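Next come two complexes built around chain A: one with chain B, the other with chain C.
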Partner chain A sequence: MTPFELVEPASLGEALALLDPDDPAVRPIGGGTALMLMMKAGFFEPRRLVSLRGLGPGITGINEGADGALDIGAMVRLGQLERSPVIRRAAPVIAETLVTHSNVRVRNVATIGGNLAHGDPHMDLPPVLIALGAEVVAASPSGERRIAVENLVESYLETALGGDELITSLHIPSQRNRRAAYIKVTARSADDWPALGVAVSLAVENRAIRAPRIAIGAATETAMRLPKAEAALTGGASWRDTGREAAAEAPVIGDHHGSAAYKRVLVGVTVERALRRALAGVEIAG
Partner chain B sequence: MNDTAFVSTGQVGRSLPRVEARAKVTGTAEYIHNFRLPGMLIGKICRSTVPHGRIRHIDTSAAAAIPGVYAIVTGEDIRKIIPDPYYGPAFHDQPILALDKVRFVGEPVAVALAADPHIAENAARAITVEYDELPAVYDEVEAVTATAYVHDVLKPAGTFADLKHLVGRRQTNVALDFHLRRGDVEAEFAAADHVFAHEFRTQQVMHTPLEPFVSVAEAANGAVTIHTASQNPSFVRVEIARLLGLKENRVRVRTAFLGGGFGGKLYIKLEALVTALTLIAQRPVKVSLTMEEQFFTITRHPCTFRIKSAVTKDGRVTARKCEVYYNGGAYADIGPRVAQKSGFAAAGPYDIANVHIDSFETYTNRPPAGALRGFGTPQLVWAYESHTDLIARALSLDPVEFRRRNLLRDGRPQATGTVMRDAPLAAVLERAAAAIGWGQPFDRGSGPVKRGRGIAIGFKASISPTASVAIVNLSGDGSCTLYCGTVDMGQGSTTAMAQIAADCLGIEAETVRVIAADTDVTPYDMGTLGSRSTYHMGLAIQRAAADAKAKLAALAAELGVPEGTNLPIAELFRRKYGAQAGNIIGTGSFMPSHKSPDPQTGQTDDATPYWMSAATGCEVEVDTETGRFRILRLVNVADCGTAINPRIVETQLTGATVMQLGFTVYEGMEFTDGQLRNPSFAEYKIPGIRDMPARLEGEIVTSRQGGGPFGAKGVGESGTYAVSPAIANAIHDAVGVRISALPITAEKVYRALREAAGNPLPED
Partner chain C sequence: MTAPSRTIAFTLNGRPVTAEVAPHHTLIEVLRDGFGLYGARESCGQGLCGCCTVLLDGRGVSSCLYLAVFADGAELVTVEHLAAGGELDPVQEAFIEAGAFQCGFCTPGFVLMTKQLLDEHPDPSDDQIRHYLSGNLCRCGTYPQIVEAVKLAARKRGSV
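Moving on to the complex of A and B:
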């Protein structure tokens, strides 16, 4: 690892000014759990790291609005989310997901903003947040914008964020009257990166499924929704058939975790099981 | 002297907490990883990027120009000070840094030296090497007939008589071929009721000690001191002395606690390199590998095992033919010993009249392979216990009953002709079967989830012959210091050796101070390997203690004290010297008898001083929709003779079980054209706490090893033997499919299920 400059600005404006969109060796750093691995491996040699940990309460809080929507600061640690009573009540699927995410040492350091900005497809939270309809708030010298999590990552480790743009918070719309579940599938040890993650979120009205969102991660280049499977489910398809639709639709790729053919099987089975879990104890017509 | 004449005074058999436990948890235990010397330089290694090639040019100019770089060292620089810089325990085949050729991706080619490790690391990256690539060979079976040769000529070290026939051999990748012939297998196959043949494979895995390889060297006044995380400092001393043309007393090799070893830190690893570097730099040099660099240092042999058995209709195995190919990688390390010493037990712990074994150690263009907790045995048990289960199922025999019928009993000759003694194989098998509830009805699962049970048993001979020497020192106040070269790498040997010494001397084990291996201080020990220390060093300590006691008795007699007095030792010294002064030094050494196997037939009536055995019972739950499986229960039962410290034995067993569980279901180095595709712990996963089976148990059977110290023998490896086939057998029991190549992944199980259903899953 080469020596580099580490700066800890005290305000967002200062942090943005320290970024350099023309120099890929200048990067913001949250918890650093992903960046440090890349630095150790020699894949990334920074000139300057802009640490966000001094930016104060604006980006370290978890707030619940009157309607149940959540605003989560980008520097909130994953472990904080996992243990937060607010999260456990308002979006319990996030806390459940984090229990098996990496390990407790990483969760206590890694931040939600960094987790999303890294753009790594082998992560648990992106499909969950996509299923919940979450958006990130991103700030740059030209102002603030909202980006749906499903549009944040464009390809492997590439995001829609500009070189002088930072995620400052995460907005999760109210999940009242909605149910959600996430199933992580690992191909090796339990603390492995997922081979596949499937998240589902839906409402049940009059014994019918409404507005389902089915998202997968890890098995595809980026986390994504599966609109055909969602449509099939809305149209009354069985969970098994919804799973089949998902397996046919998902652009699954093979890697260390398994072949594409096998992961397609996993997608089908896991979508079915995620629906069963989300709807446990609920009666559905037909 | 009769070694079993000692009557225990109660120190042996205590579950004494480890004597170093407090130091470890408070961070005061010494590890070489933390060791620093004034003026010390750090070496960072530039490694080969091609699997096989001639070095055309090494450009060190850019690296040398980096401010703060002390020197860039290549193999040619080392050749100037060490004319023949090749090392190895069996073959002198491994250059300290690559010379002329590279033989695997990751082989050390050059080193950057700097006081600042970051500068050294950058400089190592700035070294550019040009190669003329050569054809390469990666597979252990192909290596036998390939025309790509990893080495131009074989160079056996000469220390092993049975390798002499390989001297100067050219155009071969076979570093050792071991043959065992007993009876006539072909005649038996021709006449047999049933003949079964299978092939099984294991993958390349590595030790993953949490303290990576680390060595520090300093040189002055014609002598060298090496501080190193080594499992066998005595060997390092001999080998460094040979390389430098020094007498042994000019080379000091010391260790501290090791953060894990598992066979990886044996023989020479970084020691020759740091020695050469310190001689070139004239400053102390430390090389401390990253966790990831360990992939390119030493591994466990991948293995292909073709096994064929003749079986009578009533379930007696009458002949077995074994073809074992060990993939030794680019340098032999101790591989030839693995092929031979494990090879002779390849037919398993069964009483088979006709046995034919060919065991090959092959060179390939992969990272070297050596000893890893079992010395080739887990690869063998994987094959013969999978095979055994398949036969039992094919003949509709209960797998435990089938094993019972064929098990080798005490007093019967093993395939080498050596008579089996003190190996309670039957007790181990029966205990494992009882523990898992074999034969009793159990929940076979419902819906897509099916349950099954499996059992397997393995055994291993002690590597022989090897020597240990110990010194017991009684000081003026009567306190005892034990000098023994056994290295405590986490297995608890410091505690066990203190217990043995204390028991012999009739004192509390907690009061014994054990001095860590340091060749300036501790006497010779062949190495902490192959589950040999408890037996060999234990006997040396017993003899040293007996010698000290004899000298104490002589002192008492000299002082006119009556025999059998309860006068404290300190009082004897006071009477002798008139003050708290003096020492009594007791010395002891042990080396078992041994007879080399006949080179043509592998027959010998004295192959090993003792046998170790273990059986594993497994219950597994398989999800037939995904192939994913969960191990509900894993029971490992071993025979270790007398348990010196029962609690440590249990943790040895469960620790080995978990390690082998990783090798069975998660771990595997994956290569494409010689390039390791998963050289990080993000993509090479070892088991974590959440991967533990719901029930994980380690048990020992009551037994006594004749000739062993207090009836004890080794147990460090036993927990690894039978884990893999027990899991595969349980999966077969649950869902009727057989996985024949490790690791057993969910995808493999799922594919096998689809295959069995006549609806195979497409490749991609």
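Moving on to the complex of A and C:
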């Protein structure tokens, strides 16, 4: 790796002041697992990395509100999320997803904020968090704003975050009365980067599906919702027809995990399976 | 540019140490080049193979993907420490008795991940064993013996 400056500020204000909106070679660093890969490959040569390790408990905690909403600090390690009793109760799909997310060692180090800020489309958590309606809280010198996870990543490795802005926490609205599932399809081992990830989240009221959210990742340029498939499902379409709608709608692209034609077939089948898993044991009218 | 080096202090295999490191140095570089500890090896360099595993505050990390400065204040254990008292660790004994290696290149990583596994799940299921070790690769293919070794190690630790 090429040499760089590493600074370890002790407060958020200090950290923001050390970022440089005009220099893309100045970036925040959480656990560093993804950045290290890019730096070792020579793809990213930082001038300065701003470590968020010293920012204190505000950025390392998992808190559940009285209504069941979750606030997760950006520096929470993926392994911490996976093991958290709060997460396992309030949003179990996150813990289930993490089991095949890279490996135990990477999850011991990688952070949720870094995972999202990285903007890599081949990640398991973005479609899951989109399906759960999650938002990131981002801070910059001009203040704080919330960005829905579905709007965070704009294109390949490009996010909506400004050059002097960083993710401080993740907010997940209450999932009470909602059910969710994530299905990951890999071309090699189970813990490989996904060829496709499909997440669904929905409520069931009076034996009818309400407010479904269907999100995919790894097969499109960014993780995204599939609104036509969601509308079809709300309108009473079968799980299979909802999958067909999803496959027709998704702007699928190919990569070395699979061709676009192959992934499009996967989308249809996997959406159907994800719905079946989320609704296991639930009776639906019609 | 040249980045200034800094002094980090951490506990290495039970004793307090300091090291002069530059920000771009990885933990494995410091362990091998600074401390002569060669049990952790950089093999894939991408956190996939597990050969560079060390325990940091009791949990496995890929030292090839870990900035050395982030080890400041941590407690680090490498495979060299396991038999520090002159006796093999039960996990090491179990790997020998089960014949859970051939060339041995990956073995330190498997042994250390097994330590984290058994610390968190003293009586692991087959699924838990495969889960914790899924990020460690053995090119000799001794996986069946490794799974047996982990079960044997769990029994050895349970009876201590």
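Operating definition for what follows: the second predicted complex is superposed on the first by the 286 of 286 C-alpha atoms of A that agree within 3 Å, B and C clash if a C-alpha of one lies under 4 Å from a C-alpha of the other, contacts with A are read in each partner's own complex, and residues count from 1 in each chain.
The definition used in the following text is that a residue touches a chain if its C-beta (ideal position, glycine included) is under 8 Å from a C-beta of that chain, and two chains touch if they have at least 3 such contacts.
The shown structure was predicted, so the numbers you read here are calculated from the model rather than taken from an experiment.
Chemist: Taking the superposition on A as described, I'd like to know which of chain B and chain C A:P3 touches: first, second, both or neither.
Modeler: After superposition on chain A, A:P3 lies in contact with both partners, chain B and chain C.
Chemist: Applying the document's definition of touch, where does A:K228 land relative to chain B and chain C: first, second, both, or neither?
Modeler: Touch partners of A:K228: none, neither chain B nor chain C.
Chemist: Look at A:T33 in the shared chain and tell me whether it touches chain B only, chain C only, both, or neither; answer first, second, both or neither.
Modeler: Only chain C is touched by A:T33; chain B is not.
Chemist: Tell me the contact category for A:A190 with respect to chain B and chain C: first, second, both or neither.
Modeler: So A:A190 meets both chain B and chain C here.
Chemist: Going by the contact rule set out at the top, does A:L49 touch chain B (first), chain C (second), both, or neither?
Modeler: Only chain C is touched by A:L49; chain B is not.
Chemist: Quick one: classify A:R88 as touching chain B (first), chain C (second), both or neither.
Modeler: neither
Chemist: Which of the two partners, first being chain B and second being chain C, lies in contact with A:V269: first, second, both, or neither?
Modeler: The first partner, chain B, only.
Chemist: After superposition on the shared chain, which partner residues are touched by A:A260: those of chain B (first), chain C (second), both, or neither?
Modeler: first
Chemist: Which holds for A:V104: it touches chain B only (first), chain C only (second), both, or neither?
Modeler: After superposing on A, A:V104 lies in contact with chain C but is clear of chain B.
Chemist: Once the two structures are fitted together, what part of chain A is touched by chain B and by chain C alike?
Modeler: In chain A, residues 1-3, 37, 40, 103, 189-191 are touched by chain B and also by chain C.
Chemist: So in the complex, the part of chain B that touches chain A is made up of which residues?
Modeler: 118, 121-122, 125, 290, 292, 625-626, 628, 662, 665-666, 670, 677-678, 680, 682-683, 685-688, 690-691, 745-747, 750-751, 761-764
Chemist: For chain C, which residues are in contact with chain A within the complex?
Modeler: 1-4, 22-24, 26, 45-48, 50, 53, 56, 59-62, 65-67, 69-70, 113, 116, 131-132, 134-136
Chemist: Looking at the complex, which residues from chain A come into contact with chain B?
Modeler: Touching chain B: residues 1-3, 37, 40-42, 100, 103, 185, 187-193, 254, 256, 258-262, 265-266, 269 of chain A.
Chemist: Touching chain C in the complex: which residues of chain A?
Modeler: 1-6, 8, 29, 32-33, 36-37, 39-40, 47, 49, 51, 53, 79, 99, 102-106, 108-109, 189-191
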